[in-house]
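In what follows, structures are represented as structure tokens.
Both complexes shown next keep chain A, but they swap its partner, so chain B is in the first and chain C is in the second.
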Partner chain A sequence: MSKNALATGLICLVAVLVTSVFFWLLTDLVIHGLPRLSGPFFVEASQNAGRSGGIGPIIVSTALILLVAIVTSAPLGLATAVLLSEFTRPGSLFGRLVRRSLDVLAGVPSIVFGLFGNAFFCIYLGLGFSILSGGLTLACMVLPLLIRTAEQGLQVAPNDYRLAAAALGMSRSAALTHLLLPAAMPALVAALLLAIGRAGAETAALVFTSGYVDRMPDSLLDSGRALSVHIYDLSMNVAGGDANASAAALVLIGLLLIINTIAMSLAKQWRIATP
Partner chain B sequence: MSLMINTKKDNPGAAYTLGPLQAGPPCCVPEPLIQVDNLSLHYGAKPALAKVSLDIYKGCITALIGPSGCGKTSFLSVLNRLTDMIPDCRVLGHVYFDNKDLRHPTLDVQALRRDIGMIFQKPVPFPLSIRRNIELPLREHGMNKAADLNARVQQVLQDVGLWEEVKDRLEAPAQALSGGQQQRLCIARALALRPKVLLMDEPCSALDPIASGVVEDLIQRLRGQYTVVIVTHNLAQARRIANYAGFFWVKERAGCLIEFGQAKQIFEAPVHELTAAYVQGKRG
Partner chain C sequence: MKKWGLAAVLILMIGTAVFLLSKPADTKIDKLVLTGSSTIAPLAAEIGKRFESLHSNVRVDVQTGGSSRGVSDAKAGLADIGMASRALKDDEKDLHSFTIALDGISMILNRANAVAALDKQQITAIYTGKITNWKDVGGNDAPITVVNKAEGRSTLELFLHYFGLKNTDVKPHVIIGDNQQGIKTVAGNPDAIGYVSVGAAEYEASQGAAIKLLPLDGIVASVATVRDRSFPLSRPLNLLTRNGPTGLAKAFIEFATSPQVHDLIEAEYFVPVQH
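Up next, the complex of A and B:
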């Protein structure tokens, strides 16, 4: 057998293994979780530590945590991306320093962000275990991803626009708001959706910051349980919670799939739109 | 042929501001508008221009010719300070525009670029409608009244002979126009700012011969009212339209101005042998 055929065989084997693991997981979730999925499951409060009842308050908490994370990280991330791509000379010390720090931050395990969030937001700023603490921690976590993706989107906008706008006596900020940002918009939205996807799948950073409380939150300063934390808790700490954990996991996977599909189709459209 | 197309499309309407086609060069009283003195330019450590001195005369068309890489684009970019946007680009020497130091650190660069417009080799219509392409820079410079904007849009589109072709679809995306139409739109967009000088970097080389002829006739009509500096690889075109011509060549890895003078002299009686070889198509 030739080396080529061997390599092809190996690659196919790995591919089959990887996909079958995913399908096994999915089948398992569907078998255990699908019977629990129903209209009321999405709105009812969880009962008996989550063994029965639904995930209504948990969906609300998750949405609020994500909202806090996005509302704070999106403007900050966009501003930083614009600063890096439009107002920093290529190769400058400042730009190199910021980019390097972001790349390091992007590789930091999320549990470290969780501990940092706990120390800084919960204790030092006195926000306690709350949706606010959790959202802000997630914001810190997705910021590097957000900035780097948004920056790439801005750099895809043709340099010709910058030159032509400058040659017409337009200011940099005018070129930015009228030409570059609109051209980069699909990429920016894709970056945002990717960040939401990453934040939505996060558990470790939330366990120590937004906490476990599965009641309907009254305000952002209430503790709230995110979907991922709920799944983790049900499967690790609650005997007999497996069925509801599977159902909640199905909901989470569904949500992430939807978000990812939208992000990818936007990103694809953006690549086609910019030659 | 291109001349016929042009005269057919541009039936002289009331709002025309450009004069009729003028006969070839030379036509003008040499009154310098831009004076370049000992200009050198480096990209990092790499020299691109060495000691270029020449005058650009008011109301004339000055053609810059020479092989690729001899610094013609770099030279144009100095004149409207687009070189400011290139990191590591160092410029030495003096440039005066209207007797003012064009490279002075406190000069209002945006105002300068309004006076000295630039047309690029590849047309760069913005991803906006035809109308918005022209309006956007005007609005940036403080023109806000709809009536003023409409009048200016119509006037410059007529000037470039595009009005009849696009007047019914001003809201259509500019990028749907043909290459030649896009280039004329870019010229219209630059003219809308009422510049004194237009720098054109190979404006016809991305166009088919007919579109190229239309743009060439347009450039002819700019003569007198505007000062035009045009880089072109088309020697026949340079010969047809230019009053003055400058020949660039790479010497010791940097672009130099070999010869500058009236176009007739450069093309028919060049002094320098390099120029003679180049304009006769023997080198370059």
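Up next, the complex of A and C:
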């Protein structure tokens, strides 16, 4: 009995420790950043190297970079996941090869993706420092994560579905769109979420691709500073930028939380709509 | 629900495509790209904003990456103008350099410290761990806390070069990143010694931070002595071009070295140069 109580106590303690780290971090950000948060902060351009003014253009740039990354990586990622889970034999050489290279790619540090993106998209393809280069670099970076999570989601769908569909004479593509994809929808949304979270928090890969310019972008070929790059610059490079760095960090956390909540509720509704 | 989701995705993709293709083609925009030192980048971005406000149809894009990157990009022609927060080395003399501002580096002590001055030998001995108590250099009986800069900072390079030290000789107790952190560390510890940018230190001391600036070789550490170049430990902030600058680059360099940007230089705690 006392052993049980001890174990329960220890587990509770660990849980409290983990959550308290998060709340400590959040409290610190709120104390330093909240006084700077206001309506104009979200729309104004930054002034005096970011010490004053807002983060309007930076939010727009961040959203565009994320959009490019997701629009390009989601179809590719989903298609590859379907290929791996539905159209390759388990244990085949091709499947093993693809999975192994994806796992290696997932372990590559983000600064390496940044240097690759700079060399390939910015210089070789001539896109220059641009939102497009940054978004495409992030797309490369999140692809392994996206594919592996989506693939696991598809594999969780019971094999009975596939057998029943075949017995009823459904084509494989019909089984996929009507049965397997809806069943895997929560996992697919989770994969997308993880990808957005990873991309939104990225700094190193973006410094050399989407760049440092904090002007409002006119097109995807303009350089645009991402929120994480802005936070890094303010806290590490600009004397007196700490308060606005905390405020910008709060905004980033808020944005990611909102995306998270929306996607989760979407996943829930999809699941209810398709029995 | 499913249809709405699909519609939303479609609208997003079409919107992105329209945005991508909607780059205004009728107005010709001249773009000037600067890359290099992260120390200069915030200042260059502010100068760029003012330059843009005076010249319509001009965009100044500032990207970071460090002084070495500024040198190599200027050499390779990847940037119109490179930025380097140090003087050119001998094998880089084929580039043209234009000093826009000076930055001095000052030894700082806590204001409560009784020591009023240290000579070069004493500072060297303190940083190599040969003197470990303030009473050996005329202060109170208290152990010295040595604050050093992190590897890769050009301030560190300059400090080591001036005192003829190697970084492996230095026996630091605290390693810091940027100026603000150094000032906060020394202000919070009565027995600490550190070195930071003169302008930032002078500003913080005037704002009530508990630090004092030590004279070097008998010369007072201040913006004034850095300006008249009598202060021995200072570095130029340079703009670099491959050939003699022409056109837009020439106009920008002339603007950046003119008195019209002195207030911007001072706002970043650097010292304007009289040309």
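The working rule: the second predicted complex is superposed on the first by the 232 of 275 C-alpha atoms of A that agree within 3 Å, B and C clash if a C-alpha of one lies under 4 Å from a C-alpha of the other, contacts with A are read in each partner's own complex, and residues count from 1 in each chain.
The rule is simple: a contact is a pair of C-beta atoms (placed from the backbone, for glycine too) under 8 Å apart; a residue touches a chain by one contact, two chains touch by 3 or more.
If you're wondering where the values come from, they're calculated on a predicted model, not measured in any experiment.
Q: Between chain B and chain C, point out the one touching more chain A residues.
A: In the superposed model, C touches more residues of chain A.
Q: If you stack the two complexes on chain A, which partner ends up touching A:91: first (chain B), second (chain C), both, or neither?
A: first
Q: For A:5, using the defined touch cut-off, is the partner it touches chain B, chain C, both, or neither? Pick first, second, both or neither.
A: Once the two structures are laid over each other on A, A:5 reaches no partner at all.
Q: Could you tell me if A:169 is touching chain B, chain C, both of them or neither one (first, second, both, neither)?
A: In the superposition, A:169 contacts chain B only.
Q: Go through the superposed model and pick first if A:160 touches only chain B, second if only chain C, both, or neither.
A: first
Q: Regarding the shared-chain residue A:178, is it in contact with chain B (first), chain C (second), both, or neither?
A: In the superposition, A:178 touches chain B alone.
Q: Show me the residue ranges of chain A that touch chain C in the complex, using the header's touch definition.
A: Residue positions touching the partner: 48-50, 64, 67-68, 71, 123, 128-129, 132, 207-208, 211-215, 218-221, 223, 233, 236-240, 242, 266, 269-270, 273-274.
Q: Hey, which residues of chain B end up touching chain A in the complex?
A: Residues in contact with chain A: 80, 82, 85, 87, 110-114, 117-118, 120, 122, 124, 126-128, 136-137, 140-141, 186, 189-190, 193.
Q: Where on chain C does chain A make contact in their complex?
A: 1-2, 5, 12-13, 16, 19-20, 22-24, 33, 38-39, 41-43, 45-46, 59, 61-65, 78, 177-180, 200, 203, 267-269
Q: If you look only at chain A, which of its residues touch chain B in the complex?
A: 89-91, 158, 160-171, 174, 178-179, 182-183
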